[in-house]
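Dropping the structure in here first, questions after.
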Amino acid sequence: MNTQLIEKVYEEVRRKIASGEIKANDIEKTVKELAKCENESKVKNEIIEVKEVKKEGKFMQAPGLTEFVGTGIGDTIGLVIANIDSALHAAMGIDKKFHSIGIIGARTGAGPQIMAADEAVKATNTEIVSIELPRDTKGGAGHGCLIIFGAEDVSDARRAVEVTLKELPRTFGDVYGNDAGHLEMQYSARASLAIEKAFGAPVGKAFGLVIGAPAAIGVMMADTAVKTANVEIVAYSSPSKGTSHSNEVILAITGDSGAVRQAVIAGREVGKKLLNALGDEPTSTTEPYI
Amino acid sequence: MNTQLIEKVYEEVRRKIASGEIKANDIEKTVKELAKCENESKVKNEIIEVKEVKKEGKFMQAPGLTEFVGTGIGDTIGLVIANIDSALHAAMGIDKKFHSIGIIGARTGAGPQIMAADEAVKATNTEIVSIELPRDTKGGAGHGCLIIFGAEDVSDARRAVEVTLKELPRTFGDVYGNDAGHLEMQYSARASLAIEKAFGAPVGKAFGLVIGAPAAIGVMMADTAVKTANVEIVAYSSPSKGTSHSNEVILAITGDSGAVRQAVIAGREVGKKLLNALGDEPTSTTEPYI
Amino acid sequence: MNTQLIEKVYEEVRRKIASGEIKANDIEKTVKELAKCENESKVKNEIIEVKEVKKEGKFMQAPGLTEFVGTGIGDTIGLVIANIDSALHAAMGIDKKFHSIGIIGARTGAGPQIMAADEAVKATNTEIVSIELPRDTKGGAGHGCLIIFGAEDVSDARRAVEVTLKELPRTFGDVYGNDAGHLEMQYSARASLAIEKAFGAPVGKAFGLVIGAPAAIGVMMADTAVKTANVEIVAYSSPSKGTSHSNEVILAITGDSGAVRQAVIAGREVGKKLLNALGDEPTSTTEPYI
């Protein structure tokens, strides 16, 4: 490769650091930004535009399948099968009473989709058949997901998938990331069956989720959360227990709604500080909701 | 992106290779860089060309080891050990009758390597000792692989590895990918011992594989495949069952050869439509063979 | 971050591309090279400088938490909790006698952190409570880690974390990588309790680690290592046994210190040749120490 060019750019960068014209920290950030090919905000606008266009159906490769419901953040896809094949039905271990299934799958995220699915089961006549958590996030430290709703009627299954997709922008609100890892906080004033299935939390009570990656940050967040308010630990998962070998600590808590909310927020604040010590300031994927 | 620019850069690069100014190794790196940011299909062809150059042995960093057999798509490497160390032999749990082993390992792909190895065991006097599936694909949603052939004679082991590497361009033919995930279809008119070892499929019968990632797409592909033709499910794997927590659904089917082929093709078509709803049009890694 | 600065750099780059002074491709490559810390030693120094500056507290986003100890290579973070919450204490399964814990977590690397932690337990009044190995390395083929030290006194826990972080530049010395995979070698003249906990190796004896990814390369390195010198196999791990489905073969050996060292070096040399057959020449993360 053109070593001289690299040298030249490098020298210029060094000069500017030396002269105080730019700060070393900024440069590190700058090259990372550039390395991603382009000016962030520009490209982000581009991406948003493209997504908008897609939504308008101009360029989107609409699959033209009645089974397709929609897509969402984190490469989430929502599908529905009106009458699942009986042999596959058996192989998947689905209860015989469900002819129809709704499917939510994603590359990035499990918590946001589970919390959204929890709203969906509240709002529809469906049950959660299964929640599976691949080790994914496209090279990140966490999970993807595969969530299956069972329904006796296909319109119920479709509605559950629609509600889930609609909730995702909210439930991604307290997912924060940077180059070094991610944080996720979730809160529900009243847990329903998806949360029960995924974490064993009591239905009808307030529920909170505090996740940090790399896992060391999650340990610290968990300790902070449970010390902050009078909450009960529902589950504590770590790389070798309760996760699919993801680099996360996942704390699930229950209790009085005010206490749960307070604990989650305390975990979030310490997590943001620690993740920032490893990289850029972690920012919300959408808009914080807790 | 600016196709003319790619064209121009490529021409210059080609010129420099010809003149010996830069090495093929460097070039491969460059096109990979481009592949991350630029016109997909074009660059993919570029990469194949570069690999072709490598095969001709012009620029390759030949390891100079008698154990080295060759490399292939997906960072696949083929090796052979004439007399494996006896203590290691025991630690690996290999049958004592095999002094020699052939080794196929890869970062990306398990199905293509298993299908290729199946042809190898048909063609040589070897057995499949083990097939292991790491969660890999370099940040993607699937597996890598480690396949070990046992042989009494080193020339048999070497031949098995050679046949496997030679089959790879074909067995990667129905592997499709885009930024959001991947699809894989495989078909064999007559399954042999590698397919039996990996999926429990009956030897001598037609065999088909239908894989979708993210897993939600795989569920839909599986349902379509089994509804299309009269086939039997050999195995159904999902993130928490039968995979190494990969974000895939893997359907293995057997039956009449025409039916298996028809089912696999039907799964492929629905998979391509769904993956396209999450990203660019999925394209074959090499040339479709089914 | 300084958006104006990014804007400025971007504008300059754009200008130079427009004027033909530099080609878009070259710039893209250049910043990527820089971002990857290439033009290796030069940029490495720069980054070390940046880190030094960070340490001086000039630009670092110091978390302002007494629990924060420091950071290191591989997105390693070191933390300490003086009095871990009693409910969390139980959920984590920590021995009651430890009120204080030290925490080492990382996205990339398990071996380097374990070897460093081994020095830490030698040097401090702490015990290894747990070592967990997520499947991570940010899209690579290996592990991250979560190591917890137990101590009766917080100053001991802090000291253990400090020693671990300080040892990391050394223990990353025989970690080699390229685009296709990685190699790791470790050597200790006298194994202590962290090595015993992680690999089951005998305390007080020489210990060696030989790791190759993709796993096929690790098989070959393992065979070479054990054939080279009279060593004993402590553990042999592969994608489906002893790893978190990582694409590695991990050989742990013990024996006479000279023999272990010789075996490790032999494994390293064959590994470097094989990994080079799949990509660029593998280079040390810091400085080789074995």
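To keep things simple, chains are lettered A, B and C as they appear, and every chain counts its residues starting from 1.
To be clear about the criterion, contacts are C-beta pairs under 8 Å (C-beta built on N, C-alpha and C of every residue); 3 or more make two chains touch, one makes a residue touch a chain.
Chain by chain, the UniProt names read as follows: A, B, C = Microcompartment protein PduB.
Bear in mind the structure is a predicted one, so any value in this text is a computation, not a measurement.
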Path length in steps (a step moves to a chain that is touched) from subunit A to subunit C: 1
Among all chain pairs, the one with the most C-beta contacts: A-C
For subunit B paired with subunit C, centre-to-centre distance based on mean C-alpha positions, whole Å: 29
Two or more partner chains touched - positions in subunit C: 28-29, 32, 135, 138-139, 245
Sites on subunit B touched by subunit A in the complex: 22, 26, 30, 37, 135, 138-141, 180-181, 214-217, 219-220, 222-223, 226-227, 232-233, 236, 238-241, 243, 245-249, 251, 270, 273-274, 276-279, 281
Subunit A contact footprint on subunit C (complex, rising order): 1-3, 5-7, 9-10, 13, 22, 26-35, 38-39, 42-43, 46-47, 49-50, 53-54, 59-65, 67-68, 71, 75, 77-79, 81, 84-85, 87-88, 91-92, 103-107, 132-136, 138-139, 144, 146, 148, 244-245
